[in-house]
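A short worksheet on the structure shown next.
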């Protein structure tokens, strides 16, 4: 069902891999709410994913871009504004990958070249995206930029490893760039700290099922689904959130403010 | 303009005094979005305010209630569910008053009877409201309860005096009751930490203009207006925020995450 | 062993009931470090407790005071400064009691007269203490005031009930009064957010053993003991913490920043 | 004056450049309190600084190390434990440098190679230090590791630029590694969020004087000096802080919890 919340708006969405991806759901919901979308993902992800399917479904062109390449990002946003025939209203960053986790390195035995690469892919890419948008003056005034994050940036979940640091970085970029974009263009920048979500990416992490279940029991409303996150992103891209910026926003069924839930202890 | 975000929903709104009140704007916007509303305010506020005007405008009955009286609250919610012919989907608590501030007592010379009364009016009233709703089982599943607060609950604004403590209390009640309401009914409870706002209540506080201007300059987007807050509350009462609970949500143009803004220093 | 960290300093310590009390340990350690102490507790606690034993052991006079009575507090601090022959360097507030918990009322069925009384005893008493010290100008410049609190002020532990709100209040008073005392006298005011502790008071709370064990497993260093807390308070009263103020300080073995500990899940 | 708080303890201190450095003061105070020290700094800093002077004064060998080189760190800690004839009790990380700031790049025009290098020097170096200590099993049980940070990790100070992100990273490493070190060795890891300080490094940053003065006025106790920070670090390395871990600790005269200070507005 549509409330036309994004009628006439234009958005670029990174990170839709397959129909389990949060970014995929966000793209569908934004389309439903009236937005015109451009999709982007890394060249390698596009080979394995089904993004073309999504593109057809919501009439969105797909412009592949390595989010660590300034040249690719430059082309992407030039392409997007050409396609829209105007500037961009919203952008979703849903990109993250840890080389050390993938290689099975423990947190006390990390490889620092991998770490640098992880940070570049998962966090610096967000600054790269914003810096490109900034220089191209590609965002409409009062636009909205958001990135997906996780509470491991605040508290320790051992298996999350260096992704905790990646998310801490990501959230800091949101605050810092949010100041600049807010001051110049009234553009807001926020991060959404989402429940653990059953995606192709997430479910591959070691111990994922355990902390998914733990979080689900700990949260009075249970874990927030990818669909609920998509609804939430619609809000963030709509005019209802115009004055919210530089925030890390928990979308997590209450997990973040629980100290102990008797349900976890089986009481 | 309406997006029908609250079509078919019912809500009780406390604290509309006059057209400057945030609660007034919220009631108007909720009506616009399709909700049926019941208004409530303290008997004394009703004598001085213009709430009847608002009631007529949005076809909302007005049920006066002293929010520190369990009997009044009981009647209010019984009356509301009768009027709606069903349970309640959302509630806004916008109630606050400091006796010590009103009497001009400084923070180092507070009267404790006044303080207890301030806490009862400004914060315990929120627990009273929720406890009444709980016992009457008056909330629909997946409903939404919200209260207005201020960042003085986290950081010191000396002129805010004992209202800082009132808001700290209020926010704690939201978390605690949010756990219970979430677990039993999937009802969410949040507080909105709003920019200083030009209302009849706010503008009467000593030093208000100074901290309004200071906050406005400090915030990259400027202070959030009462109208913007009303939009935000529509979101909180809509299905877009279903999984957000037990949060204190900054609606403040970025104020809360600024450390120093060159604009404040006149740089 | 003593490091003479409090040589020549004078302090008033509230809340020593028996040798399990944190306040008891703090008094002993402060004495060991060279401080002169005055002990205080509520008249009723003094009848049941063994505070006289402690008084003799550390040569500290005991001045009973109901911390909700301005008259009693006035006499206490007058008595203390007379005893010391000078002003006070540090004060520990370790007072808390919930009538609703004691009466077995659930959080969704609280009695509001009890609640007001709980807040007065557990939190407003801290403002009362500071206001009395302020008016008597009884604190030495660069003195230190501290109160014990619990993380339930930030996150929900259902069994903690209205004590969560009491602690939220308490911490807010520390911030607010910390501003005034800092500005006038360079006196610092902080709260110590301590692990669950096996005291006569704590262990009586329903579900205490469960959340003690849970917290112990969740914390990489385990729960902090009353003895460790006493060491920490020595630091807070010493010159090593001169520039720390208006903070809520976690003394909890790392609990507060853990999101999930495999040890809790038995992994 | 000494309280023998670190009698018999051994520590490695990074980052003493000249007598204005916080690390310099910390080394002096730790020596005064009875600790044996090994000093380290980057080869380039050693050429320009006066660290040899300090080494002689406190009888501490100096082992130069590039904190981004695992080989150098390995040699450093091997050398330190050899010198001490045993393991290490505490480590201070006081290392930070932004290439983009040094090159005058604005936050919306950053160079990403510089950024990666900044992160490596200012933050990943902390993980490198801990990973080396971990693998060498060089820390004594119940030891203490600390790093200096700044509140720009939480709130925006525009001139701080990418150092905000560096500090966010640094603080996250403290939490994450704190879990591992706490669980295996009861070693605690914390960051100290210090007031702006007049050091050779700090005072070179653009706009430093303005935010120094602003912070000084905003803080009820004024800015914390390097000397006060040294006292605070003595506490962190002493047994008084045994149960404090994974915390970011504000040592800032109250700055972090002020919302508005009338002194800033000249009221």
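Which chain is which? They are A, B, C and D, in the order written, and residues in each are numbered from 1.
Throughout what follows, a residue touches a chain if its C-beta (ideal position, glycine included) is under 8 Å from a C-beta of that chain, and two chains touch if they have at least 3 such contacts.
In this text, all values refer to a predicted model and were calculated from it rather than measured experimentally.
Of all chains in the assembly, those touching subunit A and also subunit B are C, D.
For chain pairs A-D and A-C, the one joined by more C-beta pairs in contact is A-D. Same-residue interface: subunit C and subunit D share over half of the residue numbers found at their contact.
Inter-chain spacing, taken between the CA centroids of subunit A and subunit D, is 32 Å. With centres defined as mean CA coordinates, subunit C is found 43 Å away from subunit A. Residue positions 155-156, 158, 175, 178-179, 246, 257-258, 261 of subunit A each touch two or more of the other chains. On the subunit D side of its complex with subunit B, the touching residues are 151-152, 154-158, 207, 210-211, 214-215, 257-262, 264-265, 267. Looking at the complex, you find that subunit D touches subunit C at residues 3-5, 175, 178-179, 181-183, 186, 188, 195, 220-221, 224-225, 228-229, 231-232, 234-235, 238-247, 249-254, 256-258, 261, 263. Residues 70, 107-110, 112, 115-116, 119-120, 124, 127-128, 131, 134-135, 153, 155-156, 158, 161, 164-165, 168-169, 171-173, 175-180, 246 of subunit D are the ones that touch subunit A when the two sit in their complex.
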